[in-house]
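After this come two complexes, each holding chain A, first together with chain B and then together with chain C.
This part shows the complex of A and B:
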């Protein structure tokens, strides 16, 4: 690879090595801005990508030619593409996400109504998943270190394997049936009380708990096999202390790194779980919108959830960088 | 599928692999024959037998149209598997192509490609699927396309990661230097190396697809009646679960089982590709071996050496030390019958080639060998502490006070997540009642002592901010925090370049001059050991063959192996016309049983007795200890070994 030495490039490189943290922030901010633009472009193109005539598709099969043309004008689809795009971006920048085809409500308002439910569901699940998987993964990892406790290891691997293979809507339905319908311990459906979130959160967390605790166990085994653990042992520190000061921080960094992806998965899972429990969140809204081809609502939900996922990942990256400065400083 | 053939061949080698193949084959058989045999029957309504519970005729009962739930589950196998498989193949092929393209890009275009893939991976795949369904519509084909497309980012990311790491590897660079064409590079060198991981990932993608497709059926966006897959059957079953729970049983089990079978297949493939990662069975053997019989070893032939030197003032006393590891056919012993003693303040080096057991000996003396290693000894006493049964809780403090260890690779031996200050002070803070600021002052003093500039500032650095030589100085300084009586250094300079190595050796020499610090120095380099030590233990294939003062080694080395090592040593006085001499042959493997001397096969002066009897480590001519029946005698027979020199 030939290295071109342009003075400007070298200056930039010097600047980056002089201000690693600032460079990190600039890099992440640029990625964030470009990503949001890409997201907006993708949702804008959604209508254009529909095979055939999107207006016919939206209006339904038994629409008259007049109503189709009227709808086309209303949607602005009769204008040139670039004009449509500037109008779309302009609306986005002013926070206008359009109005629902279905009931004429502003999409922004619908999302504002529904977002708290999905956010609560996802946040509670992330907390539950981390609270269970991290201690469980470290515990099983340390127990099964060096091939110890074979029975524990195989039952852990089997049970997490099965738990990870149960679709969350099945888990949700069974939970609703047992604890909601049969035992009547917890409410099923609606969001009146905090108790209404218990079953959905559990249903949503089962698979991530299984997957993450496996990852944490492997990471624990990995850290335990590293040489710095032997250094700590050579200092004759008690095992609990070695776990606390040497194993835990490194395992936590790994856990945090996958938390961003975990949240993405949880938001996806929330779509089905909300439908199981009839929770009025973004998941129920978007599925219903897909069913009736309410494109403004689909576009709005995609943009809002997409930005949420982006922000969370940026936040997690920043947190990982703070905990493990190598990733920033060594760059 | 030329790539799949070796995969399957690999899998058939293990019992679990064959089980995985059998399970997949069973699923395929059901998928092929079930619709042919029962397709019509399972689709024909029977209004006389709706919503029945289990019976002989209908083991899982019937649905709302009186159709048999079990048969419908079996028939649905084909559509479910075909959909999941198609989606996985779409994801794999499109993702691999996209990833390969991005890998081949350069500069800005590459960065854009990587950014786009990163963004797509981050985006929840269920939302991506819904997004695509919103475009292409719902139904069987649309769902396959949408689920497959949502898999593309992950496959693309994996391909980029894998191929980038392969591209950087030596054989790829070599192939490129040799002028291999890009296409050949891709197909012959790149693809085979990443195909394995991609195939394993495909089994994971298959399980994910099964579940996503089922979830879409649940949401009403997937397969539409009269077609049915497991997802749709499950949804119908769940809807009527309060009436009859049995309709949901078949598809649930089928879905979970199929998902498990493919996950299992992926795991087994992963194991056969990368057996190093899966050492469980070996460890299991170890536990069995240990439970069955305690380690029995032959009586020590070397113990005499220690007895002779024996005194209660010895800092280290090792007698008849064996270190074993379990292997398929029993226990191998990389360290056999090692005996020696060290006086306080003495510097002893252990020299040997890799695999000679020198590092394991050092670890055993440090009390740091743990499962799966099996340590046994007649005597294993360090600073008065008996380590034969590992480190007892009550001995931790005493050991911390008296013994420190410095390891080979300073980059790996320091915790990357902790600051230097924390790592240096944690030992003294834990074992003594020392305040934080006192501990830090001591750390600063010791860092200064080992020649680290501006030591106070270094305390708040992370290990990666220091150079390799600095890190090893930090390790040594950390080892001195407790003012130990014994410093065990396991190849402390091997990972360093020559000038840094010389500095570190100088530090060790100075330290010994300053305080009464005994040093056990492990190295493969006789010259380095001779530089810092007073006595050398030469190890060969797990045993000590010679125990000799450094001052005598050049003229007085009596073991043919030591003499061969000396001849292999370059120095300034060597005539450059004479080639350096290597030692022909290789040492016996740890699992090889050798009845006589373990060096016999390579020894130039070997006699019959050497092949039948192991020579004991005994004093030769009253000078030092050597394990050889025919030790070199410089005074009486200076020519005895010189046939080897010719």
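This part shows the complex of A and C:
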């Protein structure tokens, strides 16, 4: 059976083969744009599904029917849904996230105020997760290679299994009670000092540390079983050199891909952890906004967090592509 | 390996000890006044764990803002322990439709300008014209106010007598804004324009609101002065997202005052290191949709539903044991409160079953999701009595929306915070259904409406209360509504004591440091 190839498609394939990096960038950029548009649409539609009229809530118990209708007009919520959406998308394209229904502040300003707290929390957690998971995963992997140290292996698997099952808010509450309330070692709330971030960062990192260290251990075991490692060992290369030049780069490629995914989870976890530790970040903002149906704030925060996750994943993909160019060519 | 086990054992022991300590802490006491205290800054968790909308007391629509504004702006009168006491006015007279206030001499605004009677009148006109609650608090927008600077009095001429006028303007929405705040471009989130005990210092919206105590403040509620060493030098209201986090911060001395509605209260209420007070914050009601076509439009069905339940059980479940059985539609702190338990239907499941088992309808129960499993307890009581019913669990915004904007409900279980004045109920329990009125349960009780309108026009307090009493009796006898439980909030101070005032808000002038 002969294969029919459309000339345009063939030309496109040739161009991709000739410019793999450019094609990679174009593909990621297109994915980013489509994802943001889908995110904006999904966020907008989801809010419509939440029961509860924001106007009734914001106007308060004392509102008269007239004042409620006036407020509805002022907020533009009397307009048809499609009109609200097109206005929202129009503003979004110009970078205008709207103003808060509750206090009239520009949403961009609210996010700018709160983003540093959430970003600090997420960045510190990522650093902690990588600092613990990578060495721990490689160490346990090398220790348990070839079925050695069974007890260590089962302890590791059990402990990380339990840690991976602990929800962020449970970990946060326990940490606050033990190290904040009982031992008084660390503050349990606020952002007055750097110490205030210690417990939230630990609470947020427990699960990712457990998950990532397990993955890195498995990846280490995989790499260590490969032919070229055995060749390197037979050449009596120093173990540290083998791990630094052969194991670590391969493990890091896998770790980075998973870290990108974990970061998305970390940002979601930050929402709950911020509320447990009274941190004034985007998480507390969005919970407050949902309570009063402050649509522009909810939409703004979701868009910003969504874009952050997409950018992080794009960055990680680029990093992986740099470390392992074959992945770009393969695509 | 042994050393690893030792480390593990020590770690486990340390964590266990910590957990035990956290469970067992408390019990020690530093009660009793200290030899001397130095003014210091205190931090208060914002009430209700929600942010405020604006610090303009007259245009705000939320109770959290009212409390914070109340630290910087004064009202003409205050209400403490159910009694009207002085504020910016030291005395007042109400005769027919004329209400006159004698102002306290020597009051100054935070910018140092003396507060004149004309300034008070101008502020009250702004309140009348811009406050969303002006009509509710004062009966209409058709009153006028005149000032006499020489006599230091302001006089209100009402279109008709309105009994609750004096208590109505104790609401923070009628707080006096000084002339600088009435000018175009005034920014209430950047500075304060009041005569209150504190002056706005710094605002971080959604995070905290800081204010500094002003000197020479001697016109607090009931004439309270803050010229004391044990008065806080600064107050910061901070937004804490959850009760649990707030109580954690309170017990670790990161917060000085906290208000707790739920079971987290049990962690601190018996600890005598802390000052504690309990205030009724709102009332849980069972409302019945009485619009034509609903089964609950039938008084027999409403009575049967009331008989199917045990109010005490619902009260206990709804507020985790921190609710108290409601005795009236009004809060016990309200004027005209009467224990009306005898008028309310008592539990009689058998009588309820006779009616409900023959009901050919699926009752829709709206249940607020902050009431623990109380809506499900109600559902069980109704199904046990033979009714077919289901619960729609909603948050506060969802409850307000469904109640006000739809007819898709029969029974609703929700709180009502407007329970401190009988006049507040009139617009919800009479008149048109939304969107043209506020009568969301579509109550049609002509006797209640007539008695309520008479009470509003009655200047004599005792006669007014008698009319309200009759009005509330007729509401309860017809089972137009059924009060279930008073929701209480625990108010706790760590090294500071205080007194509540109107709307269970903190009275700023009452703050007293104890260490």
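FYI, the second predicted complex is superposed on the first by the 287 of 331 C-alpha atoms of A that agree within 3 Å, B and C clash if a C-alpha of one lies under 4 Å from a C-alpha of the other, contacts with A are read in each partner's own complex, and residues count from 1 in each chain.
Criterion: contacts are C-beta pairs under 8 Å (C-beta built on N, C-alpha and C of every residue); 3 or more make two chains touch, one makes a residue touch a chain.
Keep in mind the model is a prediction, meaning the values are calculated, not measured.
By the touch criterion defined above, A:18 lies against neither chain B nor chain C after alignment on the C-alpha atoms of chain A.
Of the two partner chains placed by the overlay, chain B and chain C both lie in contact with A:287. If you count the residues of chain A touched by chain B and by chain C, you find the higher number for B. Contacts of A:93 after superposition: neither chain B nor chain C is touched. In the superposition on chain A, A:114 makes contact with chain C only, while chain B stays out of contact range. Shared-chain residue A:173: touches chain B and chain C both.
By the document's definition of touching, of the two partners only chain C reaches A:60; chain B does not. Using the contact criterion defined above for the overlaid structures, shared-chain residue A:261 touches chain B, although it does not reach chain C. Contact with neither chain B nor chain C is seen for A:240 once the two complexes are overlaid on the shared chain.
In the superposition on chain A, A:277 contacts chain C only, with no contact to chain B.
In the three-chain superposition model, chain A touches both chain B and chain C at residues 50-51, 173, 177, 181, 275, 287, 291, 293.
Of all residues in chain B, those touching chain A in their complex are 115-116, 118-119, 121-127, 130-131, 133-136, 138, 207, 211, 214-215, 218-221, 234, 238, 241-242, 248, 252, 255-256, 259-260, 263-264, 279-280, 282-284, 286-287, 366, 368, 370-372, 391, 393, 396-397, 399-400, 404-405, 407, 409, 412-418, 422-423, 426-427, 430-431, 462, 464-465, 475.
Considering their complex, residues 15, 18-19, 21-22, 25, 50-54, 61-62, 132-133, 135-136, 204-207, 238-242, 244-246, 248-249, 251-252, 254, 394-402, 404-405, 416-418, 434-438 of chain C touch chain A. Here chain A touches chain C in the complex through residues 50-54, 56-65, 67-69, 102-105, 110, 113-114, 173, 176-184, 187-190, 274-278, 280, 284-285, 287-288, 291-293, going by the rule given at the top.
The residues of chain A lying in touch with chain B in their complex are 31, 34-35, 38-39, 42, 46, 49-51, 145-148, 150, 153, 161-162, 164-170, 173, 177, 181, 226-228, 230-238, 241, 245-246, 249-250, 253, 260-261, 264-265, 267-269, 271-272, 275, 286-287, 289-291, 293, 295, 298, 302, 305-306, 309-310, 313, 323-326, 329-330.
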